[in-house]
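A, B, C and D are the chain letters, set down in written order, and residue numbers restart from 1 in every chain.
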Amino acid sequence: MSTIIKNGTIVTADLTYKADVLVEGGKIVEIGQGLLGDEVLDASGCFVMPGGIDPHTHLEMPFMGTYSSDDFESGTRAALSGGTTMVVDFALPSPEQGLLDALQMWDNKSTRAHCDYSFHMAITWWSEQVFDEMETVVRERGINTFKHFMAYKGALMVNDDEMYASFKRCAELGALPLVHAENGDVVAELQRKLMEEGNDGPEAHAFSRPPQVEGEATNRAIMIADMAGVPLYVVHTSCEEAHEAIRRARMQGKRVYGEPLIQHLTLDDSEYAHPDWDHAARRVMSPPFRNKQHQDSLWAGLQSGSLSVVATDHCAFTTEQKRYGVGDFTKIPNGTGGLEDRMPMLWTYGVGTGRLTPNEFVAVTSTNIAKILNCYPKKGAVLVGADADLVVWDPEKEKVISAENQQSEIDYNVFEGKKVKGLPRYTLTRGRVAVEDGAFKGQEGHGEFVKREPSTPV
Amino acid sequence: MSTIIKNGTIVTADLTYKADVLVEGGKIVEIGQGLLGDEVLDASGCFVMPGGIDPHTHLEMPFMGTYSSDDFESGTRAALSGGTTMVVDFALPSPEQGLLDALQMWDNKSTRAHCDYSFHMAITWWSEQVFDEMETVVRERGINTFKHFMAYKGALMVNDDEMYASFKRCAELGALPLVHAENGDVVAELQRKLMEEGNDGPEAHAFSRPPQVEGEATNRAIMIADMAGVPLYVVHTSCEEAHEAIRRARMQGKRVYGEPLIQHLTLDDSEYAHPDWDHAARRVMSPPFRNKQHQDSLWAGLQSGSLSVVATDHCAFTTEQKRYGVGDFTKIPNGTGGLEDRMPMLWTYGVGTGRLTPNEFVAVTSTNIAKILNCYPKKGAVLVGADADLVVWDPEKEKVISAENQQSEIDYNVFEGKKVKGLPRYTLTRGRVAVEDGAFKGQEGHGEFVKREPSTPV
Amino acid sequence: MSTIIKNGTIVTADLTYKADVLVEGGKIVEIGQGLLGDEVLDASGCFVMPGGIDPHTHLEMPFMGTYSSDDFESGTRAALSGGTTMVVDFALPSPEQGLLDALQMWDNKSTRAHCDYSFHMAITWWSEQVFDEMETVVRERGINTFKHFMAYKGALMVNDDEMYASFKRCAELGALPLVHAENGDVVAELQRKLMEEGNDGPEAHAFSRPPQVEGEATNRAIMIADMAGVPLYVVHTSCEEAHEAIRRARMQGKRVYGEPLIQHLTLDDSEYAHPDWDHAARRVMSPPFRNKQHQDSLWAGLQSGSLSVVATDHCAFTTEQKRYGVGDFTKIPNGTGGLEDRMPMLWTYGVGTGRLTPNEFVAVTSTNIAKILNCYPKKGAVLVGADADLVVWDPEKEKVISAENQQSEIDYNVFEGKKVKGLPRYTLTRGRVAVEDGAFKGQEGHGEFVKREPSTPV
Amino acid sequence: MSTIIKNGTIVTADLTYKADVLVEGGKIVEIGQGLLGDEVLDASGCFVMPGGIDPHTHLEMPFMGTYSSDDFESGTRAALSGGTTMVVDFALPSPEQGLLDALQMWDNKSTRAHCDYSFHMAITWWSEQVFDEMETVVRERGINTFKHFMAYKGALMVNDDEMYASFKRCAELGALPLVHAENGDVVAELQRKLMEEGNDGPEAHAFSRPPQVEGEATNRAIMIADMAGVPLYVVHTSCEEAHEAIRRARMQGKRVYGEPLIQHLTLDDSEYAHPDWDHAARRVMSPPFRNKQHQDSLWAGLQSGSLSVVATDHCAFTTEQKRYGVGDFTKIPNGTGGLEDRMPMLWTYGVGTGRLTPNEFVAVTSTNIAKILNCYPKKGAVLVGADADLVVWDPEKEKVISAENQQSEIDYNVFEGKKVKGLPRYTLTRGRVAVEDGAFKGQEGHGEFVKREPSTPV
């Protein structure tokens, strides 16, 4: 059975033009005028765009004996509802756990996914075993990205020589290192100091992770990548300090990519001043929300190309889970939702305000990501032969974001009350219509793992 | 009759993949595997890329009662020989001359072109007539770019309020202003001072136009464009000072484009120290060649995206013409060649050294230009429906650049002796094979004017 | 008769120490422990500092057939009351008026001054006469600073080649050029546009002079000074854009000085949104007040040394005079008061907040100015042999600023209601006690002109 | 007995003027015209300046069972011969050694000093004992500066949380932290890699410590100081990357001081390419010499004030000692001489070239250091009551630097063959003439320890 998307305007990172799109067998088989097919999707007044790719999610992430509340089922349901057709999650080995062993756990979790997905592998400790298994992960398991935490001291954090060793290994393997960039030593001390002084509420979370510690770590990771001869991808770039370090590196010709989150682009640190503990705690994530000047910096980065992609760091904890941290902000689980809202929020605040062109919207939500993660043009493209991961985007469709009618399992939404204009009419995952005018029609387990080849090391 | 390009690897700004390209009626009609056609061009071992676009040439430019030596015939012959399939020249009104009147003169000159071309319109003075004719130029004549000279005092130069008025007019019309950015007042004074001190040789040309005066003017033009609410295109960005101003603007989200020349990327100011007057005078152009640090800055700009395109400012004067300036460097006609050499030189020094990817090469020599000048994807693309302006690029083909076997009418070449690796096997202009393994087979008058629509003003 | 300042702590730009100061014949004759003298001033609990120098005032400045309301009598009375013991005013030649002729007019006005003063000479047009008279001004009249207006088109403004010529002349003479840096062409166009659109109120004044036009002009002046081989002093640096240009120049080793005003350090552009026309119009000055981010930039500049001195640009117009501009903001006379308030405001918001040390306070209000303007250590010092221009500063003394009890002739004060802590107990002008605990005891005509030698040109 | 310095021109950081200086009891007792005294030193044609202070020396530093070759006797002899009258050395505790214990060792070494000296205390490990002894060091032992090594992994290096803890302790005590800023983890890995690849020569030393690792560490130390609320002093700032981090911090109002060495200002990395192993190894120090662009950056920093002082890091090893590292560059003892040459080299290349004024020379070699280290105006001043540490500087006196006639115990000089113009006619240490026209007349043991008070913590 074929599906035809008719009367729309195709918008890619490269081009805008009117054409129909014919889908069959999960792939785009023809693009042109007046095409025919079995199932007809009307795209009149709409933009036909590559489905979004979220390069940064934590679904069913282990946490203190429990898990983040959105798993691959609800998470990908949320994703598709918002026009995102692929997520990239993080496989996180425990201390001393082998990479392949951890990967097995993430394989198990992801069986219920509604849309395609891939994994980044985290390097949370270092040993000859890790060194060796990195090769298997790259060559046999189709994962070409390795995440490094410069924060979360005593848990996920790696130090500079481990990071340098791992980056060099990435260089050999044609893999791309990612970093969570905050100075973990300093964060730990600031946390201790704040707790000592009796600042145990969620607002103290922001005080414990100021922009300076993110800027410093970003700058350090860039230097280490430079020494190791490998590009670098900086996750959740939230502030001018980190952005400045990235700009400075790029200005010297270094290949460094920055990933602002939709939260940091549209929400600010005044949220932590809310008198309701729950309200503030629900916004606790790392890095924390920043002020308006940092927001301006991030938007300008998307406009000028010094920042490359927009993600969510979706890691959803219920209010109940957040309350583990009552009386001790360092115990509040870090993370917010966003998978369903990233695309409409970025369209509304980016394209709707004139900051970004529709082509740039596609670039930063999908195409740039697919290129950097090396799954383009299978993903991120409207091209014959590409996977039919598509969104038919209605720029006139509006809603008010609310937890009441969201897909995510959690009981709140950090974008609650935001009015968005620009929403999916249809979302297709490998040809299957999973969302139609707000109704979810996806199929659990439809999602497949996306292998990503290494670059040829230079 | 159809033409099929077989067995090549298509390289665009967006993508690299193996496919055949079928050309008919001057356009690309099919891209795919195992295509058939009448004339077969073997692209084995080659990259099939969009033909180059040179956004900055001066063919048959009037000068002191004579003309620059390459006209649209020899100029476009040189272009095609080097893989460039479109040039954009500057229509330059004389003082008090109307825009449409000047355009008529350029229309007349361009009838002998071998490849397609377009025009920028220069604003060399200001009046209500100019204001009015700008609309006709945009709406009826298909020209959406207006050039402004901040140097050449007493001749082409416009001052700040004229520039601001013209930029605002561009904003209204959806046109893009271009600037030659040097502080003309200061250059004139430096010229006078150098001549007074007896420094009349070609080396004094470089002293009279230091990087500082270019940086200043670039910064000023950016401010004026910002106030007028219009993007800006800075031609021949040659130095860190100007590049810094562009980076700073882009960092704030401003839409500013920089155009380094292949000369500034690969040649340096030591050329002016050559004891032979002719050698040095042949390199006299504005801005002059800079030192190696400026070169590093320009390359890094192409890598990071802070600079957008590579051009030539091709404006060829013979040694005899250059000698008008013996005893007075200010009378040496400004300009060098480069049309035939831009693509091989940039490939050799950019892709061959690992600085640029092949996709980035296509972007800066063709696709970015077509997008900024608003003739994409008619030009700058390998897409069905696009003009078959294509180059079949043999990355193994080598030559040593020499005036002896060049197409240009002049008697020297500033790249003389440079060994390049990477040359066209075939160049096609709207489907016609104009170059085959170094042999020129073009047809005079084949070239057509390319209309370029305005953007919708915001 | 001698005067002895006892029991105070001497604070200079260089040093803090306890000592008595003996004054005789208008000069400091001894500094030491346990000194004796005729008249005893008790400085217990106080800092004995060099009197302030305001490098930027416009007293009795001609304007539309009348004059700015504070003349040398009331202006210097205000200065002394606030701890300032010297002012530098601007001699402004009319179009075609000779420099010496203008100077004669300023000599006449200044006869009533209570404290010492000097002049900057403005270059408001260019000719051989001006070129020649500059030498006389420097060598015979003791003026080594020349002011250039890059704004006020059609009136005071000079263009780039005039400025370059004048700067070169300064270089020859060992004089220092000053600039009012705003792009006058663009300001004029913005004014016209705002008026056309019906924006004729005082708030439009700020819109017509955005930070960008100041940043641009600052950058341009720096380039021209660099080409002319002369240092540069930028008056009333009000914004990050201009400060950035200064920082960038200094980073390259250029000798460029920036002068923020006390108004820009402590007041912001929200003043122009005041519903009362008079309130807003009284704050109309050029450059206009900026937002808080610009304020932060200026303070950081004083801390790091990238900005050198603090001035007032005191140019006082009454509300009645301001009302010339009702219905046309471009006719509102530009200027505010500040002479009496500069020192207490800077102490309160600078030293009182921990931003500046007391030594840095002295440097930016007095010593740096005296050094840059080349009248150190006659002025700006607490040294034996120096003029006894001194302020005995009581860091505990408080008041609320109000027009009701100010010295200035105008009927309002832009700092109205600000509470300051840190005020003069005594102010001495060449040994004479002119202010004692808020009571003015100065003598009209006591002030003398301060000759300032040129630097030896390099 | 009194000593009178007659007919000279006094040059301080603040001022230049002609006066005689009367010295008695080791102190300056009078400054004025026509003074009389017992011993007369003729300063005709000379500048009378504060003696130099070298804030960074390693005399008799323990190393692999032996010591650096200049001890406090020969080191201070060299210092005085070059016009330097005070050195500040580093007390370096061994692992687990207490601070007071280490201080005892340095007290013992310094008994033979010819001129005054002080100590910085190094924090080479962290514990409650160290925390506690810091207070004693500050309050009882007169040391207010603590050095931290971010390199020399496995030996002196401290990590980020130790550094943060120590910086906070400094903040409490009113002490100033110093850092040797290089990323020790990365240096160690680069060393290992170079050795593995067979690069064991001295040129590999420079490859193992590129500017990037210094820039990174500088940036990190600044962030940590900012978080701890304390100023920062960065020793041996050698490159643009580190300087940029310092500039960026200062631009935000942070109190950060950079210390370039005379070696980095005047020598470059081409020295390591010398074919003679000994030649190159003698130049091995950390950070290594850099290229000319870095030199330009350092000079501009001294001009603009973004860098504060000039030091030597004098740590002299003989060629024999250097040869411990034959076959393994990591074993070459790090360090060069410079104490005798700092002042003449900086005068020649700074003042002699017009980069620095004589006042700026005094500031960066003496006065700024005394202020930052809090021993001004006892040291670094020509003021009544100050120690008579003076140099009578003859700007016409010339020599060619050579190991043959140097004071240092080592057998070479990295400035060998440099011609300097500007040398001491006399050097006085607390009133005693220790150098007269090149002849050394000092007295072993004359030097005394200089106590330095803490700042009042804010």
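The definition used in the following text is that contacts are C-beta pairs under 8 Å (C-beta built on N, C-alpha and C of every residue); 3 or more make two chains touch, one makes a residue touch a chain.
Only a predicted model underlies this, so the values are computations on that prediction, with no experimental measurement involved.
Peer 1: Applying the touch definition from the top, give me the chains sitting in contact with each of chain C and chain D.
Peer 2: none
Peer 1: Of the other chains, whose C-alpha centre is the longest way from the centre of chain D?
Peer 2: B
Peer 1: How big is the gap, in whole Å, between where the Cα atoms of chain B centre and where those of chain C centre?
Peer 2: Centres of chain B and chain C (C-alpha means) sit 50 Å apart.
Peer 1: Distance-wise, how many Å sit between the C-alpha centres of chain A and chain C, to the nearest whole number?
Peer 2: The computed centroid separation for chain A versus chain C comes out at 54 Å.
Peer 1: Distance-wise, how many Å sit between the C-alpha centres of chain A and chain B, to the nearest whole number?
Peer 2: 39
Peer 1: Send over the residues of chain A in touch with two or more other chains.
Peer 2: As it turns out, chain A has no residue touching two or more other chains.
Peer 1: Take each protein chain as a node, join two nodes whenever their chains touch, and name the resulting shape: line, ring, star, complete or other.
Peer 2: Contact pattern: a closed ring, each chain touching exactly two others.
Peer 1: Let me make sure I understand the interfaces: which chain pairs count as touching?
Peer 2: According to the stated criterion, the contacting chain pairs are A-B, A-D, B-C, C-D.
Peer 1: In the complex, go through chain A and note every residue touching chain D.
Peer 2: Contacts found on chain A: 159-161, 164-165, 183, 185-186, 188-190, 210, 212-213, 215-216, 219-220, 223-224, 226-227, 244, 248.
Peer 1: Along chain A, where are the residues that touch chain B in the complex?
Peer 2: 13-15, 17, 247, 250-253, 255, 299-300, 303-306, 354-355, 376-377, 381, 383, 458
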